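Note that subunit A is present in both complexes that follow, paired respectively with subunit B and with subunit C.
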Partner chain A sequence: MNKIIALAGVVIKELYRRKDFYVLFVLTALLTVAAGAVNFFHDDKIVRYVKDICLLLIWVSALVIAIVTTARQIPAEREARTIFPLLAKPVSRGQVIAGKFLGCWLATGVALLVFYFFFAVITGSREHLWPWAVYFQAAWMQWVMLAIVIAMVVLGSIYFAAPSSTSTISFIVVVGILGIGSHLKVIALQQPEPMQFILTAIYFLMPHLEWFDLRDFVVYDQSLVSWSALALATGYAAVWTGIFLMLAWLGFRRKNLTT
Partner chain B sequence: MSAILKTEKLRVEFKSTEFRQAVKVALHGLDLEVNAGEVFGFLGPNGAGKTTTMNVLLGFVPATSGTASLFGIDVRQPIARQRIGYLPELTYYYKFLTADELLRFYAKIFGLTRAETDRRIPELLKLVELEHAAKRPIKSYSKGMQQRVGLAQALINNPDLLVLDEPTSGLDPLGRMKVREIIQRLKNEGKTVFFSSHELGEVETVCDRVAIVHQGELKTVGSVADVSAGSVNLEQAFLKIVGVQSQPLP
Partner chain C sequence: MKASPLLLLTALLALAFTLASSLVTQADGWSRRDKSDNIFGMMFGDGRKLFANQFFTMADVYFHSGYYPSIYDRGGKDSEIVETSHGHTDTPDDEIKEDFFGKPKDWVDAFGRHFRIVSHTHLDRGTEREILPWLRLAADLDPQKTETYTVGAFFLSEHLHQTNEAEAFLREGLRNNPDNCEILFALGRLYNESAHDITRARNVWELGVRKFLLLPSADQKENKIVFDELAVNLARLEDKAGNYGQAINWFHAAQRVSPDPGALQQQIDVLQKKLDALVPVVPGKLY
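Now for the complex of A and B:
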């Protein structure tokens, strides 16, 4: 485990020393602060609308950080050839995969923590409400959803040499799942065979990232999701993360890194 | 003497990326043994299979058939690399880290204790004369300094076997001398050094034994004196073995 933590530490160090990370981070924080501070005519509904925009911004920024950061990890190691002195040490390729995943996931978690803290402070200062448990549940669910995304991107980065290809394909897949994931079953029922079967199969075989979206709970009713449902969703995310990481390891373990 | 680096009938094939092209055989059943405590020079012209052999030994490339082991452990097991140090030909390190951070990272990978790491890093930085730049990012280093960081990271675990790929390539005469001094020092400490080089004069100076590979096959192995027997020097012997006759200048 120490080796995986050491590898994750290098990923985090690289992230906080890169300028592009700060640009996105500061931009999101500023937009969150600015949007959250707006209060049109003391209309509660407009405040909710602004909160919705802020949360959407947090979702987009967290996805950008997670996907872009993860997509370049393994290809950058191969391109800069830093993978060679690393693998010449007593570290397995599985540990490299796990370390890269952990580093990206922890870094994204830190970014989420800061985003939600800003969001809570700004909205709390307007509404004088501090539903910390709701915010925790929303942030937690987003973070475990990002674990699936990061593991999926790690898998993509094993097969696509260019980080840009991995990022683009990952964005399309993630946005696709988030956008139509929950409607796919309904769409399938409206299709003739064999399309109906194919879409139904996809619905049951894909990771349902949209299940982790608790934005409506934060913006509208501010009620808590049952903790058992939260635990179940966390388990679901762990299974999908494990599947993607296992596939990434299978692809990486016998890969000839010199070509 | 016991062999701490061993390959048996090692064969490596690379699939061609072009459609319907034949596979390229990089190594044809290489048998090699390096004994504990010796400095072993691994020689051959470009494309002979030296780097492929090293890549298999370090786990970068899987062997098609045959076996390779370090300290009696199959090289496919990461633990086989616990007692080795590796210096690549060029500097491939995380340039956003400082030398101190890089060495600490590799020390963690080797499972060194905090106390051991704190003791080892200043020693190594002193050895490679980088104490003054230890807290600067590697990207700000000159090429020579980066190569010296490489040497320090190769020695972080106090290895029993040092694998050096063209260790003096691109170094100035002072850098070369430093590398030779370190190889000599390691030899005196009873360590094993396995290195590839095109600098045959250098090989002659520091090596106990040499192997010459050509077109993926082991052509000869023995002491420098044995391999050079019948030739003026190692360079002439090398050229004869790989089938090139040196022409006198007009």
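Now for the complex of A and C:
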């Protein structure tokens, strides 16, 4: 476990040394503040559109940080040939996968914490309300969803040739699931066979990332999601994360690192 | 001949400045961009109308606090902010009709509903203000979309009691659509109900009727509901003002386009009785 934590620590250090997070955070902050500065009909109590824009930017930024940071981890180690001294420590290939995953996930968690703190400050200063429990649920679910995404990208980085292709494919898959994940069955039912069967199978077999998007609950001041549903969703995310990491380990175990 | 780079640069800068100062006055007329009165018009051209529709829908989404069908759930949903601005309130039947999720299709759908907004509510007690940014953006993107102005003004005046803002928004709509009788109707309603200025309301509604009568017959058919609203409201206004004869005339005009002329006839009969009850003033003998 110590080796995994040490590997994760290196990834976290890498995140705060690189400029990705700072650029995305400044961009999010600037756009949110600019949106919040607009006055509509001389009414300064309007706040939901600011929450909506800010949360959208947080989601986009967190996805970019998670996918881009994860996609380059293992390919960068291979390209710089630092993977060999790393594996000679001795660190097993499974520990490398686990360490890289944990580092990316924790680093994304730290970034999310900063983003949500900013969000709470900005929206709280306008509406003088801080529904911390709703914010916690939204942030937690987003972080848990990012665990699945990061594990999926780790798996992609084992099989795809370059970090750019891993990132692009991961973005398409994640955005696709978030966009039509919950409607795939409705779409499937309108298709002829065998497409109907294929789409229905994908609907049941894919990770339903759209469940983890609680932005509407924050934006529209809704009551809390039931904690039991939250716990079940967390378990669901843990299972999918485990599946992707296992597949990544199986692929990495047999991977020829010299080519 | 070898020119110094510094000299060349200075000459080019001087040339650029001279050309810019001489062309700036003519450049305005070169493109149609000057006709776009905002940045969106310049950026998107006519494509901005697509975004305007999207933003108008966003206002409806906000009005329902996120409880809204996607294109996969149910197509052709009428915009409820428009219905509300015309005085419509949901009946229990409407509520059932608008349960667009239906029963869960499977366990994925059932569990996923924990993380979706599944109750049909409308904004109230001042929170209606949250739809305004989207209406403002929709108006900027498509100044010819008249519903944006009428809906925005309705919520500003009726729900948020910002009569001045509502009037300014409608006036802006009128500047962009000078012959639009729907906006004139909304403006008249604002004067009548919020400002209690019957004279201005009458003038604006009568202008609306005149604009309606100038429309081609095809457009008149399409907008007959607006004429119905104008005529009926003018009739009620004249009734309140005690001009029963004029009120009857307006109800007769409304009957020509109304979906329910029988109901209007009942109101005409009531007014006729009021008119008949008026005792004509006969000058009496002075000596």
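One rule holds in what follows: the second predicted complex is superposed on the first by the 242 of 259 C-alpha atoms of A that agree within 3 Å, B and C clash if a C-alpha of one lies under 4 Å from a C-alpha of the other, contacts with A are read in each partner's own complex, and residues count from 1 in each chain.
Just so we're on the same page, a residue touches a chain if its C-beta (ideal position, glycine included) is under 8 Å from a C-beta of that chain, and two chains touch if they have at least 3 such contacts.
Nothing here was measured: the structure is a model prediction, and the numbers come from that model.
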Q.
Quick check on the superposed pair: does A:Lys89 touch subunit B, subunit C, both, or neither? Answer first, second, both or neither.
A. first
Practice task
Check the residue A:Ala233 against both partner chains and state whether it touches subunit B (first), subunit C (second), both, or neither.
Solution key: second
Subunit B versus subunit C as contact partner of A:Ala80, first or second or both or neither: first
- prompt: So, does A:Val186 touch the first partner subunit B, the second partner subunit C, both, or neither?
  reply: second
>> So in the superposed three-chain picture, is A:Leu214 touching just subunit B, just subunit C, both, or none of them (first/second/both/neither)?
In response: second
Dual-contact residues of subunit A, meaning touching subunit B and subunit C, are none
Given the complex, residues on subunit B that touch subunit A span 14, 17, 55, 58-62, 78-82, 84, 86, 88, 90, 92-97, 101, 105-106, 108-111, 150, 153, 163
Listed in rising order, the residues of subunit A that touch subunit B in the complex are 2-3, 5-7, 9-10, 13-14, 17-18, 80-92, 95, 254, 256-259
In their shared complex, subunit A is touched by residues of subunit C numbered 62, 65-66, 70, 72-73, 105-106, 108-109, 111-112, 114-117, 126, 129-130, 132-134, 136, 156, 160, 162, 165, 169
The subunit A residues in contact with subunit C across the complex are 38, 40-43, 45-49, 141, 180, 182-183, 185-187, 203-204, 208, 210-214, 216-217, 219-222, 225-226, 229, 232-233
